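Read through the structures below before going on.
Here chain A shows up in two complexes: once beside chain B, once beside chain C.
Entry: the complex of A and B
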């Protein structure tokens, strides 16, 4: 008697569970799964955006794309941007986390100030930096010239390699707080006896960092690097707003090409092919990250 | 005696020099927004304004569309947040506490979409919303924003939900509460900090979104702040930096409020979602 009752309750619960997840599933299907599938489908057509006239072209969008130097150029730019900004984010992030972990004056104010760039809108960040970078009245050129580091104003966004360096720097400024917070949270859980032991063994601060802190941070750093690599790779707003991909497409990354193909050159099908190719590359990172997360189990 | 104090002082000097350098662009934004036009282009520039003025803010609020954009952003972010947090709370409860087929694959799909680039979805979404006749409306942006906000919120809520002990729910059910009754009476109160944290993150994400707004809306009536303010930059004949800096400060006001009063919720969200996950 007890067993069937139990299983009927279980079935009722399963039904309740499905009912609760139903809104999520419906929304996912409508705004994520369906668009994702139709992006792949769309990439097999040639579409003219204003009229939406389309014709089947099979894989020729992909053939054209892979044969053009533009794809490899954009991929290269994306990799340069991602590698550059990610490295800076990690180095600055770890450094700042170590500093904020110390007992410095006004620590919570310091933490707020460091966190702020991460949470402001990219639009705000870009406007502020454009004003700082301004070639005639920008404060940065003024400060650098006053201190004698440069003798002529620098054109930060209009020439190469300055534009790429500037974009990488602003990206590092905007996103390194993410690394700070993540690393700081982990630092606070490293057991103090480990440091005591190292100190007794005669390890100086630098040796302690490499022998105790860094190995303890390893796991969280792997996760941070993967997450940030994915997010930096697909970054659109920051680069688009700062340089628009210029000068002459030298900071044009893959997401920017997708946008331009679709909404400036009016080639929706081609744009979809670019987007799908970009996603295929990202998929490698995503699968590595997801694998890792599932192995470790949810938080 | 000297040595004892020298170390900490050097550390503090180094720390605060770096912190000030990081925060400097934001300080400069604030300073520029309150400088009178005549002082703005003076050489050498004044680090602190010699005379303060709020004329740029006044100009922004009375002679531009800023307030319309602001209202749009508030509505858009509020509606998106309410929708997404409600759906995600129920969804996360289901994903964590119920057993049924397909649950694991669904959790996998959530994580996958959380990492998905917007530029892949934007083309089909654009076509879909145009064919539904929804382009140029705030509602189209609410739909578009759920594509990134819902996976994000679900992922966060899932990890908060996993932190609520099972026993509480069972205890309430032994006392005669129904499953949903136990959810409302026992789980929701426990989950409240997580919900607040998720809501804040969702709100900030929506408030800051740019790409979907750029593609889906091109009329001032439905433009949110991000594209609206950028439009002020592009469409003006000569760039009025102090006006743009005033707009940037105003745009960051909700964030400053969150920072001042609710910062612990932000740090909590960090711990729960992004990194541990």
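Entry: the complex of A and C
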């Protein structure tokens, strides 16, 4: 007699479980599944953005974009930007975290101020940097000319490779505090006896960094690199506002092309095809990221 | 035993959930509509502080006359309006009235059924009061008008510094490209550059370079709208434009309207290429050179080719999806009410020129410090703008080009300039690619 009661209770609990999880599933479907399926569906049509008038074209948008040199050029630009800015963010972030981990004066203040670039609005940051880079009134050209290093102003945003370098530098400046926060948090949990043992073994500061600190940071760095790679890969506003993708499409990354296709050329279907292709590339990052986090989880 | 979760204040979980559910449902219900209240959204890329003040005056006057109607002004930008409007049209959340967009953009929207016919507003303003042909550029294939001009603009005037010219022994304003280049070479010294021509990947570069194609005697489209940009004239224009690069500031590779204007007004360049806003900005921001500034039509390849003035025919139009068309039409007509219209024109004297004869003859319009200080320049811009064209209306022989807005927005022409001038790409290849890109837009 006990078994049916038990089974009835289990069924009720199962129903309750479904009921409780339903809102999450619904929200997930609404904000993830629906937009994803919509984007893929949209990419199979030719759509005029302002009127949303559409006609079925199947895979023609994908064939067209893969056949155009623009896709590969934009992908290359995106990879150069992502690799460049990410490397700088990691190097700067670890360096600054190590400094802020030391017993320095005004450490708390410095730890707060270092977050400033990350908190500031991208629009404001870009306006400031455009002013810094300005050829006629920018402080950078002014200082370089005053010190006699250059005789003519440098064109930072309108010529290559200066434009890509400038964008990468501004991106690194803007986002390295994220690395600082994450690395600093991990640094504070590394057991001190590990350093004491290294010192007893005769390890200097550099050896301690490579043999103790870096291995301890490894896990957090893997997560940071994955997250930042994904975020940098789809960065739009910073590059768009700094260079607009120029000069001559040299800093035109995939998100900029998506925007241009959708709202400048009014080809929403083609823009969706670009976005879906971008998502497929990002999926590679995601798979690596998920695998890595699974490895870290309990067996 | 039945377990019941009870909160400290005695509220049961059941009551709390019921309350939350009721609150959620209530929040999704539409609020009671106030039928008598109408809010008009007004978009314009012309939102300089002085202009915004004039708009405020016009809005306040209109609201006083029309209780229950509220007007909200929202600024867009010359580079940003196309994407913003595309998104607005797609979502249905459109502004009720849009001003100062180039005529060719309005034609594009009208051709796609996105713009309300404007004939009744033109009649309300007074069709006879317009200068002859002022609304031709807004005439559509179905014989209606898609908008009207809120002003005229001569956007590619050559601005000069008489003091610098005299100091360098240049007696007359350059009339041909060779003379302009020679003058800029002479004037480029002591930290001052020759010209602020735009080389950026943006609409200004495209629009200005179209003027150079016409200045070489060429055209982007034939009168029946076949792509004609791949021509000897365009090659000549590219060659000249490239030769001017060394006479422009290094950052001109990223210049748009604002940067080009500032370069001349600040005194960083000896010549300028812009509309009449130069006058107000020079007087306000760099009065030391205000007495030495003048303008002329932009030089051409030779005396045989007449100057081609780029007039974007700043417009007023009403999106077809507006939910307040009648109020928007009333407001559109009210914008031409002399008191407010003159205030608006005075906010950028010489920049936006009147389209109504009665306004130009109105003593109140002429009673402006800048218009009085620069009568020759304002007159020249008025006549140049009146005979001006743009990509949607390349000449009086051309059919209206409904895809001009997309051609500009695609950056195909500015990309051509960047490839040839900055990258040193082969002219034939770059021009061929540009022609193909424009053809694709025309066929899309």
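In this text, the second predicted complex is superposed on the first by the 260 of 299 C-alpha atoms of A that agree within 3 Å, B and C clash if a C-alpha of one lies under 4 Å from a C-alpha of the other, contacts with A are read in each partner's own complex, and residues count from 1 in each chain.
Here is the rule we go by: a contact is a pair of C-beta atoms (placed from the backbone, for glycine too) under 8 Å apart; a residue touches a chain by one contact, two chains touch by 3 or more.
Since the structure is predicted, the reported quantities are computational estimates derived from the model, not experimental observations.
Student: Where does A:259 make contact in the superposed view: on chain B (first), on chain C (second), on both, or on neither?
Tutor: A:259: touches chain B and chain C.
Student: Is the number of chain A residues in contact higher for chain B or for chain C?
Tutor: So, of the two partners, B touches more residues of chain A.
Student: So, A:227: does it touch chain B (first), chain C (second), both, or neither?
Tutor: first
Student: Once the structures are superposed on A, label A:48 by its partner contacts, choosing first (chain B), second (chain C), both or neither.
Tutor: After superposition on chain A, A:48 lies in contact with chain C alone.
Student: Quick check for you: in the superposed arrangement, does A:268 touch first (chain B), second (chain C), both or neither?
Tutor: After superposing on A, A:268 lies in contact with both chain B and chain C.
Student: Looking at the overlay, does A:181 come into contact with chain B only (first), chain C only (second), both, or neither?
Tutor: In the superposed model, A:181 contacts chain B only, not chain C.
Student: For A:61 in the superposed arrangement: first (chain B), second (chain C), both or neither?
Tutor: neither
Student: Is A:279 touching anything from chain B or chain C once the two structures are fitted on A? First, second, both or neither.
Tutor: first
Student: Using the superposition on A, tell me which residues of chain A are in contact with chain B and, in the other complex, with chain C.
Tutor: Residues 52, 134, 137, 259, 262-263, 268 of chain A touch both chain B and chain C.
Student: Looking at the complex, which residues from chain A come into contact with chain B?
Tutor: Against chain B, the touching part of chain A is residues 10, 13-14, 16-18, 20-21, 23-25, 27-28, 31-32, 34-36, 38-39, 42, 52, 96, 99-100, 102-105, 110, 112-117, 119-125, 127-129, 131-132, 134, 137, 139, 142, 146, 173, 178, 181-182, 185, 220, 223-224, 227, 230, 233-234, 236-237, 241, 255, 258-259, 262-263, 268, 271-272, 275-276, 278-279, 282, 286, 289-290, 293-294, 298-299.
Student: Show which residues of chain A lie in contact with chain C when the two form their complex.
Tutor: Its residues touching chain C are 48-52, 133-137, 152-159, 243-249, 259-260, 262-268.
Student: Per the contact definition, I'd like the list of chain C residues that touch chain A in the complex.
Tutor: It is residues 82-87, 89-90, 109, 112-114, 199-202, 249-254, 263, 266, 268, 406, 409-411, 415, 418-419, 422-423, 441, 444 of chain C that touch chain A.
Student: For the complex, give me every residue of chain B touching chain A.
Tutor: Where chain B meets chain A, its residues are 8, 11-12, 14-16, 18-19, 22-23, 25-26, 28-29, 32, 40-41, 43-45, 87-88, 90-91, 93-95, 97-100, 103, 106-109, 111-113, 115-128, 143-144, 146-147, 150-151, 154, 158-159, 162-163, 179-180, 204, 207-208, 210-211, 215, 225-226, 229-230, 233, 241, 244-245, 247-248, 251-252, 255, 258-259, 263, 266-267, 270-272, 274-277.
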